[in-house]
Amino acid sequence: MTALLETRGVWQRFGGLVANSDVSISVGRGEIVGLIGPNGAGKSTLFNLIAGVLPPTQGSIWFDGEDVTNLPAAERCQRGVGRTFQVVKSFETMTVIDNVIVGALVRNTVMREARGKAHEVLEFTGLAARADVLASDLVPAEKRRLEVARALATEPKLLLLDEVLTGLTPTEAQTGVALVRKVRDAGITVLMVEHVMEIVMPLVDRAIVLDLGKVLVEGKPADVVRDPKVIKAYLGDRHAVGA
Amino acid sequence: MGLLYGLIAVGLALIFGLMDVTNFAHGEFLMIAMYLSFFLFAFFAIDPLLSAPLVAAAMFVFGAVVYLLIVRFAMRAKTNAGMVQIFTTFGLAIVMRGLAQFFFTPDYRSIPQSWLGGKTISFAGIFLPEPQLVGALVSIAAFAGLYFFIHRTDFGRALEATREDPGAVALVGIDKNRVFAFGWGLGAGLVGLAGAIMAVFFYIYPDVGASFALIAYVTVALGGFGSVFGAFAGGIIVGLVEAVTALMLPPSLKSVGIYAVYLLVVFIRPRGLFGSM
Amino acid sequence: MDKNFAARRRRDLIVAGALATLAALAPLFVKDVYVQNILILTLMYAALSQSWNILSGYCGQISLGHALYFGIGAYTTELLFTKFGVLPWFGMLAGGGIAALIAMGLGYPFFRLRGHYFVIATIVIAEIGLLLFQNWEWAGAAMGITIPVRGDSWLKFQFLRSKLPYFYFALGLCCLAWFVTWWLEDSKWGFWWRAVKDNPEAAESLGVVVFNSKMGAAAVSAFLVAVGGAFYAQFLAYIDPESVMGFQFSLLMALPAVLGGIGTLWGPVLGAAILIPMTELTRSYIGGSGRGVDLIVYGALIVAISLALPQGLVSLFSRAKAKNQVKNQVKGATR
């Protein structure tokens, strides 16, 4: 069976800056894959390319056996790519449930069904009690969770999580980890960016390390953390070591 | 002519373009300045050219006061701040027009005998009307001054920093309101200058501002928000386009060319010619 | 919770129905033509503002150029009527259709623009329209068009003896605009629009086709405004460019929604109910002197409301409700 997601020799340049260079990765169905790397390594950029925010400068992106390189973001969502944003982008003037309904409308055109789906997702993500609160009134941890809920409501095949566990208290992070497991158990493939090694490594089936826009190492979490190249890349970056 | 638009636009470039505050009362600021120089002429026989600095100073105070008393509060709105600004300043514009009607009556007034009015000088065989020429010179000076001010002084940096992130600026001890009040004063002062010069060769009446305001907005946006040089270039382009359209179209259509050029420019460059925002 | 939601929607509908019935009965008590006039204008601006609100309030694309669609509605109707004898009812629909097409045509280039650049583009395009009509000889240029008197008839939508038919039409239009908003509010479009307003990038990632959302909002909004323009032309029986396409209409359409509560269901109606009578009353009671006092009062009120209630007048209601809720919760806790 083919991989769910494949990037083939993907490049992204911003002027002179090369954010992704010749990135080829693949994510199989039902996996949880961790995408790690120091600040500015190009992780979020790769997410943007996969989600269709920008077309890659070069290379192609394959999803579910089809070339989606030239499809716009909305179309990719319809095909099953769900994502969260590193910098939270809630619909601030809308309530939590309304935020999630927007996502649910992708697969449910009848309002009543979309609303039902949204409630389901809120239960699943533990936000049900906050359904009628304005998104702007949520605390940061809840906003992260709302990002996940919204994306889940689109019933994705692949979920891209960009630092959803970062900046949370240890307890909040543990609930987050549990949620990611639950998502995978529901049959959704997860590709997640995370800095905090202690949290991601036990969670993921496979880790891909990105550094300076290139894939540095790829493999089992236990092997990756011991890889000298990875240690070197991270030692150059104090933030990551501290985390 | 273009440089005159530039002169009106330069004050707006500061308020609208650099501080990102929508000011729908800009035309009315101009109107007040024109009346000021008219009355200085009518009662004290001070020629508009001489009174220009006086008018500018008075408008500076006026602008700062308007900011502190009214606009400051319009900027506090958390949601739809843009609309609140638009309609607060729009309401203000209506009040100012009403006040002008009340105190000055809706009559058209003009300054009959001034040093500049109606004179022309010939330069290398080309006849140039003096007021326009002076307007052009003042305009260039004003732009150069503002450019220097924004890019070379602490105030300029403070202004930019305040727009970008008022919270962070407060941490380093800059008072947002002082900076913006000063900015508004300066913007109004520049309009004051424009008003004083324009009083010489335009009729003065309570609604006069409205006819210039839109062109001023277009000029600023054409050049691009956040750029003093852009507003200057915008002024020149607007003037040129108007001159060209005047040759090709009936006078009643002369603004169409300006508007069309604006649309054309933003379709190609959605942030204006030199805009950073 | 779901029940709450359904209950709120039902309540909105019932309140609207009650208000509309009350309004429909108003002529039984209001015989004064001047007051009837004010009522008609209030209803018309409520309808216009409600329509403007769809694009600018819900979808967040602030247009200050809707006078263009208003004027197109008026001109299409009257040109078809005076030149080709087409009944105003068809002219009205044609005007709406043309306005919607123009709105979508303009959408292609305009919706790429953001913030001030977009707002100024909308102002500018309406000004261009105004100038073109002022110079368009066939359409009467600056002199405009006088609608020939054909006697009272619903067929020709023309009434000289009584203003009541206009009143009922304006009421109907207002109800229509309100109902369309109510209906769309809980539909895919309504959700898409609000999402686009709040965060287009996030919306796109959730499958919202941002561009289409804006186009849809623009078309509905322009159509309804143009129908309003057609009505206004029949009501005045005379049009010229400045009196149906002037910039002031763009502002007058936006103002009730902004003062009442932009992007809300009730904002435009509430805003118009307060603003339009206020405008007319200040004009006729203190404006008589011709000395601008009416402008001063009017402008000052706009400043005051904008500053005091940046979320609009509806926020007064929701605040009261929030207080009630807290009270109830406290009661529940003590019990």
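Should a chain be cited, it is by its letter among A, B and C, assigned in written order, with residues numbered from 1 in that chain.
Note that in this section a contact is a pair of C-beta atoms (placed from the backbone, for glycine too) under 8 Å apart; a residue touches a chain by one contact, two chains touch by 3 or more.
From a predicted model like this one, the values you see are computed outputs, not experimental measurements.
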| item | value |
| --- | --- |
| Selected pair, greater C-beta contact count between B-C and A-C | B-C |
| Chain whose Cα mean lies nearest the overall Cα mean | C |
| Computed distance of Cα centres, subunit B from subunit A, in Å | 48 |
| Interchain centroid distance [CA atoms averaged], subunit A/subunit C, Å | 42 |
| Where subunit B and subunit C are represented by their mean Cα positions, the distance between them in whole Å | 31 |
| Multi-partner residues of subunit A (each touching 2 or more other chains) | 93 |
| Contacts with two or more other chains, residues of subunit C listed in rising order | 263 |
| Sequence positions of subunit B contacting 2 or more other chains | 79 |
| Residues on subunit C engaged by subunit A in the complex (per definition of touch) | 1-2, 4-5, 186-188, 191-192, 194-195, 197-199, 201-210, 263 |
| List of subunit C residues in touch with subunit B within their complex | 62, 64, 109, 112-117, 120-121, 123-125, 127-128, 131-132, 134-135, 142, 247, 251, 254-255, 258-259, 262-263, 290-304, 306-307, 310-311 |
| Residue numbers on subunit A that touch subunit C, as the complex places them | 51, 53, 72-74, 77-78, 82-83, 85, 89-94, 97-98, 101-103, 105-106, 109, 111, 114-115, 119, 131-132, 150-151, 153-154 |
| Parts of subunit B lying in touch with subunit C, wherever the complex brings them together | 16, 22, 70, 73-74, 76-84, 86-88, 90-102, 105-106, 206, 214, 217-218, 221, 225, 250, 252-253, 255-256, 259-260, 262-263, 266-267, 270-272, 277 |
